[in-house]
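Next up: the structures, one after another.
Common to both upcoming complexes is subunit A, partnered first by subunit B, then by subunit C.
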Partner chain A sequence: MFSINKVNREIPDKIENRELKPFKGAFSLSPAGKTKHSPRLSVSKPSDDKLCRNLEEALNRANLKDGMTISFHHHLREGDKVVNMVMDEIARMGVKNITVFPTALFAVHEKLIEHIKSGVIARIEGSLNGPIGKFVSHGNMKNVCVLRSHGGRVRAVESGDIKIDIAIVASPSADEYGNCSGLVGKSACGPLAYADIDTRYAENVIVITDNLVKYPLVPHSIPSTRVDSVVSVESIGDPSLIVTGTMRITKSPTRLLIAKYSVDFLDRIGYIKNDITFQTGAGGISLAVTKFMGDRMREKKVKAKFINGGITKFAVDMLKENLTDSLIDVQSFDLDAIKSMSEDSRHFECSVDEYANYFSKGCLVNKLDVGFLGATEVDVDFNVNVNTHTDGLLLHGIGGHQDVAAGCDITMITIPAYRNRLPIILDSVTTVTTPGETVDVVVTEMGVAINPLRKDLVEKAKNIKSIPVMDIREMKEKIEKITGAIERPQKKERVVALIEYRDGTIIDTVREV
Partner chain B sequence: MDIKKTGVAGSETKQDVLVKVEPGLNGIEIKITSSLGMLYYKQIASSVDETASRYGIANALITVVDYGALDFVIRARTESAILRASHEIEKKFYVDKKDVEYKLRRSRLYLPGNNPYLMQGVAYYGADGIILDLEDSVPVEEKDSARILVSYALKNMDFGASERMVRINPIDVCGSEDIESVLQQKPDVILIPKCETEHDVKKIAECLEKNEKRFNLYGYQAKIIPIIESAKGVENAYEIASVSERTVALAFGAEDYTVSLGVRKSKCEEELLFARQSIANGAKAAGVQASDTVYSDIDDLNGLRKSTEKSKMLGFDGRGVIHPSQIEIVHSVFMPSVEEIEEAKEIIEVFNKAKEEGSGVLKHKGKMIDMPVVLRAKRTVSTAKTIHQE
Partner chain C sequence: MFSINKVNREIPDKIENRELKPFKGAFSLSPAGKTKHSPRLSVSKPSDDKLCRNLEEALNRANLKDGMTISFHHHLREGDKVVNMVMDEIARMGVKNITVFPTALFAVHEKLIEHIKSGVIARIEGSLNGPIGKFVSHGNMKNVCVLRSHGGRVRAVESGDIKIDIAIVASPSADEYGNCSGLVGKSACGPLAYADIDTRYAENVIVITDNLVKYPLVPHSIPSTRVDSVVSVESIGDPSLIVTGTMRITKSPTRLLIAKYSVDFLDRIGYIKNDITFQTGAGGISLAVTKFMGDRMREKKVKAKFINGGITKFAVDMLKENLTDSLIDVQSFDLDAIKSMSEDSRHFECSVDEYANYFSKGCLVNKLDVGFLGATEVDVDFNVNVNTHTDGLLLHGIGGHQDVAAGCDITMITIPAYRNRLPIILDSVTTVTTPGETVDVVVTEMGVAINPLRKDLVEKAKNIKSIPVMDIREMKEKIEKITGAIERPQKKERVVALIEYRDGTIIDTVREV
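This part shows the complex of A and B:
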C-alpha cells in the first residue's frame, strides 16, 4: 500500500519494518509530546587512559559487533582516509552488517563498494555520491538507503530514529584526553561542526588524529567529556584534497551572467541593504555570486549582518573589508577560511544543530534573507532535485538544501539553463529533494522565474526591465526548444533509497535503474 | 550518394559529437554511445538517419560518440562526416529574412567556428555582433567541418539581438568555399581578414554577389567588414574602406599588424597609434564605422577600459572582444555621456518643433544644425535607450 504525498509522489506505507510518513508540507509536522533519545551515562575516573595503541583496540573497547551503526563526518572531503581506514579494519576484524551513517561520502570512498559486496556494510544512511550512488541505483545493496539533509540528520539523531553505536571523529588535532580541533595540524580542515551532534548522542566516540598533542588542546571544537578513545595514526587525509588552494571564479560567461542576474535581481527588489544576511557555497556560480555581492555592497556602501555556509577566501575577504559583521562557518573550503577562523573572533564555528535543525528551538537558517542554492533539476512547480541524475542514478547528497530553502526568506536557485544537452527545467523533477513551496526564484542565463506563491516578489519584480523575468513554463519551453525533450528512462519498481524531508517525513523515493 | 571510404567529423569534447561514417552493406546502421546515456537516444538516431537519407545513402555504418551535443551540432557533424566519406559538397537552400539597418557596433565577439561548447548562450551576452570564426581559430584540417557547423549554427542558434557575423578565410586560402557554405544562412556581415588592398575586398564582394544570385537570395545583401592587419593594409585603409558599397565598417587586427611592423605589442599600445588613426580616418572618410582591435588580456579589465577609452578618443565606434566578460566595459565606454545624451535630446526637440512649425531654420544654442547632426543626435538617443532600458 502507498499514499500520495504533498508533492504528488507515491510513498509506500512501510519499507523494511519502518512505517513511512508521507511529506505533508514544509511546516506541518510537530514533534510535540516526544522526547529526545538518551544515550547511556558515562563516568570519568582519574586513572582512565583513553589513548589506544591502534584502531582495533579502540573498536574493541567500543564493543564493536555485527549490525552496529557507525557514524562519520565529511570535513576532510575528497582527502579523507578515515572512512576507508575504519571500514577496512572492521572488515579485517570479521564484523558484518554495519550501517554506515556519514554526513556525506565522496568519490574517494568508492572502496566501500567492496565492503558492500562482502556484506560488511549492510546499509548506508547518508549521501550517496558518484560511484556508490551508481552502485546502489543499480540495485546492488540489499537494504534501502536513507538520505537526509544536514538538519534532518541532526533531527534523526536527537529523536532516536537512528542510534549511533560508534561515532568516528577524524580530527586534524587532538590531545590524549580527546579534545578535538580542526584549526591546526597538517590535515587542518577548520570547523568540526558536522561531528558535533554525533559526539553528543553516540554510545561510544573514537577520535582518530594525525596530530596528537599534550592536554589541554585549546581552543577545541569537541571537548573530552564526549570522547571514549583516542587513536593516533600516520595520516588522516591528503591535505591537498582536504582544502583547495585559492579557488578561482568561473570564467564561463553563462555562469557569470547567472551570478550577475542574481545579484542584479536582489538589488532591484531592494534586498541589498544594511544588515542583509545570506548563505553561499563554493560551487562555480556561488563563488561568483559571493564576489558580485561584495562588489555591489561596496558600491552601495552597505554591510551584511552575517554570511554563512561553506566559507571560502571570497567570504573571508568580505569580512576583512568590513562588508559583513561576521562569518558563520560549518565547513571551510580553503586555507584562508581556516586561518581566518583561528585568528578572527568574528568568524564563528556553528554546529549543524544550530545551523539547520528544524526540531530545535531556533536554527540559523530561519534568520537568512537569501540562500543561493544549486540544483540538478527544477520543475514547473519549483520542486528541486539535487539527488539524482536525469537518468535516475543517485548522484549527490542533500546537504543543507532543504534546510536553507525552508528557512530563508528568498531561496534562489542559480543554474545554467542546460548542462551538456540536459534541460534543467522539467515538467516534473526525477526526484523531489526540496519542495517547491520553499523555493522562490530560479535564475538561469535566460533570466529569472519567480514562484507565483511569492506574490510580493512578483509585484516587486514588475518594473524590472534589465533582466528578463518570465514564467517558469515559458523558460522551460525556451530551454526545451534548444535541447529537445528528454526520453525518460524506464525505472524498476524496487525502492533503493528514501529521500527524507528535514522533519522525518518522506518526500520521495529513489527506484532501481 | 555512395560511401566509399571512412569520414570522421566532430571532436571528443563537451557538447560536441564524434561521427564516423564508413562503408556498409546492410542499409544504414547507426551505433550510438552518449555521455547522457539513453536520454536522447531516439532523437540522435533519427537526426543521423534523416541526414543520411537526405544524401541518399543506402548503405553505411555510422558510429556516433556523443558528448552532450545539441541537435544542430549532431546534424552538422553527421553531414561533415558524410561529405568527408564521399568527397562531395551538396548545396542547400534556405530562405529567411532579417533586415540590417543602422546598427550599433560597439562590440564584436569572436567565437571559434569549430567549438560547439563555446557557442552556447551567446544570445544572452548582449554583444552587438557575434562572429563565428572560420579563420585563425580553426585548424586547416577542420575548415570543411567548421564551415558546416557554422552554417548550422547560423540556422539554428539564437543570436538574440546580436548581428550574425562570420569571419571567413582570405579569398586565396578558402574564402570562396567559406562563402558558398555559409551564405544561404544569410549572415548579416562577412568579415574579411588580412585585407591589404582594395582588390582583396573587391574579390570577396564579387564572390558574394555571384553566390547571392546563384542561391536566389532575393532581397538579401551580405555586409562586409574588412580587417586590416598589416602595414600595407594601413597604407591602403581608405581604398579598402571605400571600394565596396557593402562595407559597413573597417576593423583593425593588431596582432598580425605588430608582426608586419616588426614590433611587439605593448601594454601602452603606443606602437598602434599610427595604424589606429589611419584606420579610423580611412573609415570615416569612406563614411563607414571604425572598429578597433581586440584586447587580448581578458583578466585585465582596467587595461581594457583604458585601451577602449583611447579607441573612442581616436574615433572608433567599437572594438573586437574575445570574452563575454569584456562586453560590459566596452559598451559602457562607447556609451554616450550624460551630457551628450542631454544635448542630443535637445537637438531632436528643436528639430521636431521646427518640423511642426514648418520652419526651415534649425538652431540650437545659437548654432545652426544640419541633418547629419540631427541624425547623430537620434543615434545617440537610441544608443542610450538600447543600453539603459530602465
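This part shows the complex of A and C:
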C-alpha cells in the first residue's frame, strides 16, 4: 500500500518494518519533540578514567556489537581520517551489520564501499556525497538509506527515530575528560556543531583527538558530561583538505551574472537595507553572492544584523569591515573563518538544533530574510532537487536546504540554466528534496522567475527593467531551446533511499538506476 | 513504614504518594539519567511571535492553571524582583496550589508567605533561605518541602522527578526571540547557569527582561529554541542588591586564623602546587581563603589550572595576575566577576549540569583538588549540616555542598568553633546535608581535624607542628569547654521538609519546630 503525498509522490506506507508518514505540507504537522531516550552513564564518579589506550579499548568499553548504529560528523570534510579509521577498526574486530549515521560522507570515504560489500556496514542514514551515493544508486546496498536535512537529523535523534549506540567525535582538541573544541590544534576546523545532538543522545560517546590537552579545555563546544571515552591518535585529518587556504570566487561569466542578478533583484525589491539577515555558503556562486552583497551594502551604507552559514573569508571580511553585527557559524570553510571564530566574540558558534531544527521552539532559519541556495534541478512548481542528478544518481546530501527554505523569507535558488547540456528547469524534478511552497525565486543567467505564490514579490518586481523577470515556464522554454528536451533514464522499482522532510515525513524516494 | 539509611536516619518509605529511596552511600546508586519528558512546542514556525504585551498574556499562553509547577533561578539574589512579580500576578489571576521550584529563595521573597497563607503556593521545592524557611519550620505550610543540591536539582529535572510546567527566566538582556544573556543590561548578573536545565525541560519557558534587544543576542546563555514567550518589563531587579560593588574580607581575627590554617594545612601536605584546582565562594572565610591561596601561590610561584565557584574579585585578580589558567563560573558575586566574564575568554560560564550533576558522564566537581565549604554544624562522624541551625530552624539551602564534597579530592569545612555560644561540633548534627564519608578535613580556630577514613591525609599531617592537628572528638571537647554542652529543642513528629541527596535518595528529613 502507498499514498500520494503533498508533492504528488507515491510513498509506501511501510518499508522494512518502518511505517512512513507521507509529507503533508511544510507546516502541516504539529511538532511534538518528545525525547524517547537518553544515555545510560558508564562514567560519572571522580575515579572514572575516560582515557583509552586505543580505539579498540574505547569500542569495547562501548560494548560494540553487531547491528549497532554509529554516528559521525563531517567538519573535517575531505580531510577526514576518522570515519575510515573507525570503520576499519570495527571490521578488524569482526563486527557486522553496522548502521552508519553520518552528517555527511565525502569522496575520502569511498573505501567504506569495501565494508558495505563485506557486510560490516548494513545501512547508511545520512548524506551520501559522491562515490558511495553512486554505489547505492546502482542497488549495491541491501538496506534502504535515509537522507535528512541538518535540522531533520536533529529532530530524528531527539524524537528517538534514530537511536545512536556510539557517537564518534573527531575533535581537533580535547582534554582527558572529553571536553572538545575545534578552534585549536593542528586539525582545527572551527565549530563542532554537527556533533552536538549526537553527543546529547548517544548511548556512548567516543572522542578521538590528535591534540590531547589537560582538563579543563575552555572554551569547549562539547562538554565532558556527555563523553564516555577519549582516544588520542597521531592524526584525525589532513589539514590541507579540512579547510582551504583561501577560497576563490568563480571566474565563470555566467555564474558571476547569476550572482549579480540575485543581488540586483534583492536591491530592486527593497531588501538590501539595514538589519538584513542572510545565509550564504561556499559554492562557486555563493562566494560571489557574498562578495556582491558586501559591495552593494557598502555602496548603500547599510549593515546586516547577521550572516549565517558555512562561513568563509568573504563573510569574515564583512564582519571586520563592520558590514554585519555578527556571524553565526555552523561550519567554517576556511582558515580565516576559524581564526575569526576564535578571536572575535561577534563570530558565534551555533548548534544545529539552534540553527535549523523545526521541532524546537524557534530556530535561526526562521529569522533569515534571505537564503541563497543551490540545486541540481528545479521544476515548474518550484520543487527543488539537490540530491540526485537527472540520470537518477544519488550524489549529494540535503544539508540545510529544506530548513533554510522553510524558514527564511526569500528562498533564492541560484543556478546555471544548464549543466553538461542538461536543462536545470524541468516539468518535474527527478527527486523532490525541498517543496516548492517554500521556494520563492529562481535565478539563472536567463533571469529571475518568481513563485506565483509570492504575490508580494511578483508585485514588487513589476517595474524591474534591468533584470529579465519571467514566468518559470518561459524560462524553461528558453533553456530548452539551447539544450533540447531531455530523456529520463529508465529507473527500477526498488527504493534505494528515502528523502525525509525536516519534520520526519517522507518527501520522496530514490529508486535504483 | 520506614527504613534506616546509611547515615542512620529514619526515612519514611512513602510520603504524600511519593516513594522515597533511602540514601545508600555517596556512590552506591548506579546513575540512570533517563529523561522522561521533554517540552511540547507552542512556537516553532517563522510566523510565530513570542513577544507578549505583559506577564498575564505570557502566563495565559502557557495555559497557567491550578496545581502547576513554576521554576525560578536565583542569579539576581537579594535584588530579585521577578519571583514576587510573577507570584503576585498568579495570585491576581486567581490561580491556586502552585508548586514553586526555585534554585533558591532569599529574604527579598518574604512576601511569598502571604501567598502561602492564601493558598496560592501549596509547596516549595528548592532552597529556603531565611524567613520562608523559618515559616515552614514552624509547620505553617500544608505540604512538605524538598531541598536538593545544585547537581541534584538538575538530576531531578532530567530524570522527570520534577515536571516543570512553566520556567521563568529573569534575564538581564534578551532578544524578541528569547535568546538570553546575563552579561549586559542594567541588571547584569553574569551567568544564567541555574536556569539552563529548567529551560531544557519545562513545558513552557517565559523570559522576563528589562533590556530587550534585537535578534540575535550573541553570545547568549540560553537559546531561542527553548523559549515560548518574552515579556519586557521596567525592571527585573535592584542592581545594588544583585551584585555587591566590592566584597570585603572578614576582619575577624578568628576567621582570618581559620583561613590561614586552611591554606597552611594544604601547603604542608603538599597540595599547593602547579595545576591545583579549587572551588571557593563568597562567605566571610571563603574570601579570605581565596586571597590567602593567591598569596601563597605567588610566593611559591605556582599556578592553578582553574578556580571554580561563585566568582569574586579575588578570583578575578588571580586570573589577571596569571595565577590561574581559567575561571569557571556558575554565579558571579560582584561587578568585577561580571566584567571579567564578558571580557576575558579564560573566564567561562558553566552549566550546573556540567558543574555538579552526578547523573552525567562526568561533571566538574570530580576534577577539583580542594573544595572549601561552610557548615552550620559538623558531627564526630564528619556529617555536615548546612540547612538547619541547632534550634532546628530550616534557614539555608544546600547549594553545591553535597556535589563538591562528593566530587573533590579534599573537602575542607572551614568554620568557627562556635556561633552565639553554640558549639559547631556535635555528636550528631541536627540535620545531615552531606555525608561524612565525603568530608575530609574540618578547620576551626582550634585547629584541624582529619577524617580517619583519609589515612593518606592523616599520614601526611603527622609531622605538622605549626598547626594544631587533632582528633575531631578532641576538638569537640575543647569547644565544649568554652560553650558548655547544648540542649536540643523539642521537635515535633511532623516532617516539614525532605533533604534529598544528589542522587535522588533522601538523606534526612526536617521536622516541625
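Following the convention adopted for this analysis, the second predicted complex is superposed on the first by the 503 of 513 C-alpha atoms of A that agree within 3 Å, B and C clash if a C-alpha of one lies under 4 Å from a C-alpha of the other, contacts with A are read in each partner's own complex, and residues count from 1 in each chain.
Just so it is clear, a contact is a pair of C-beta atoms (placed from the backbone, for glycine too) under 8 Å apart; a residue touches a chain by one contact, two chains touch by 3 or more.
What you are looking at is a predicted structure, and each value in this text was computed from that prediction instead of being measured.
Undergrad: One more residue to check, A:K45. First (subunit B), second (subunit C), both or neither?
TA: second
Undergrad: With the two complexes superposed on chain A, say which partner A:V218 touches: subunit B (first), subunit C (second), both, or neither.
TA: Only subunit C is touched by A:V218; subunit B is not.
Undergrad: Between subunit B and subunit C, pick out the one touching the greater number of residues of subunit A.
TA: Between subunit B and subunit C, the winner on subunit A residue contacts is C.
Undergrad: For A:Y177 in the superposed arrangement: first (subunit B), second (subunit C), both or neither?
TA: Second partner only, subunit C.
Undergrad: For A:N17, is the partner it touches subunit B (first), subunit C (second), both, or none of the two (neither)?
TA: Neither partner.
Undergrad: Quick check for you: in the superposed arrangement, does A:I482 touch first (subunit B), second (subunit C), both or neither?
TA: Touch partner of A:I482: subunit B, not subunit C.
Undergrad: Check whether A:G362 is in contact with subunit B, with subunit C, with both or with neither, and answer first, second, both or neither.
TA: Once the two structures are laid over each other on A, A:G362 reaches subunit C alone.
Undergrad: Which holds for A:L256: it touches subunit B only (first), subunit C only (second), both, or neither?
TA: Once the two structures are laid over each other on A, A:L256 reaches subunit B alone.
Undergrad: After lining up the shared chain so the two structures overlap, which partner does A:S345 touch, if you call subunit B first and subunit C second: first, second, both or neither?
TA: In the superposition, A:S345 touches subunit C alone.
Undergrad: Let me check the overlay on chain A: which residues of subunit A are in contact with subunit B and also with subunit C?
TA: Looking at subunit A, the two contact sets are disjoint.
Undergrad: Within the complex, which stretch of subunit B touches subunit A?
TA: Residue list for subunit B touching subunit A: 14-15, 35-43, 67-71, 120-121, 124-125, 158, 298, 323-325, 389-390.
Undergrad: Subunit B touches which residues of subunit A in the complex?
TA: Those in contact with subunit B are residues 251, 253-254, 256-257, 390-391, 416-417, 419-422, 445-446, 463-466, 482-484, 486-487, 489.
Undergrad: In their complex, what parts of subunit C are in touch with subunit A?
TA: Answer in residue numbers: 27, 31-35, 37-46, 48, 50, 158, 177-178, 205, 214-216, 218-219, 223-228, 275, 305-306, 326, 328, 345-346, 348, 351, 353-354, 357-367, 406-409.
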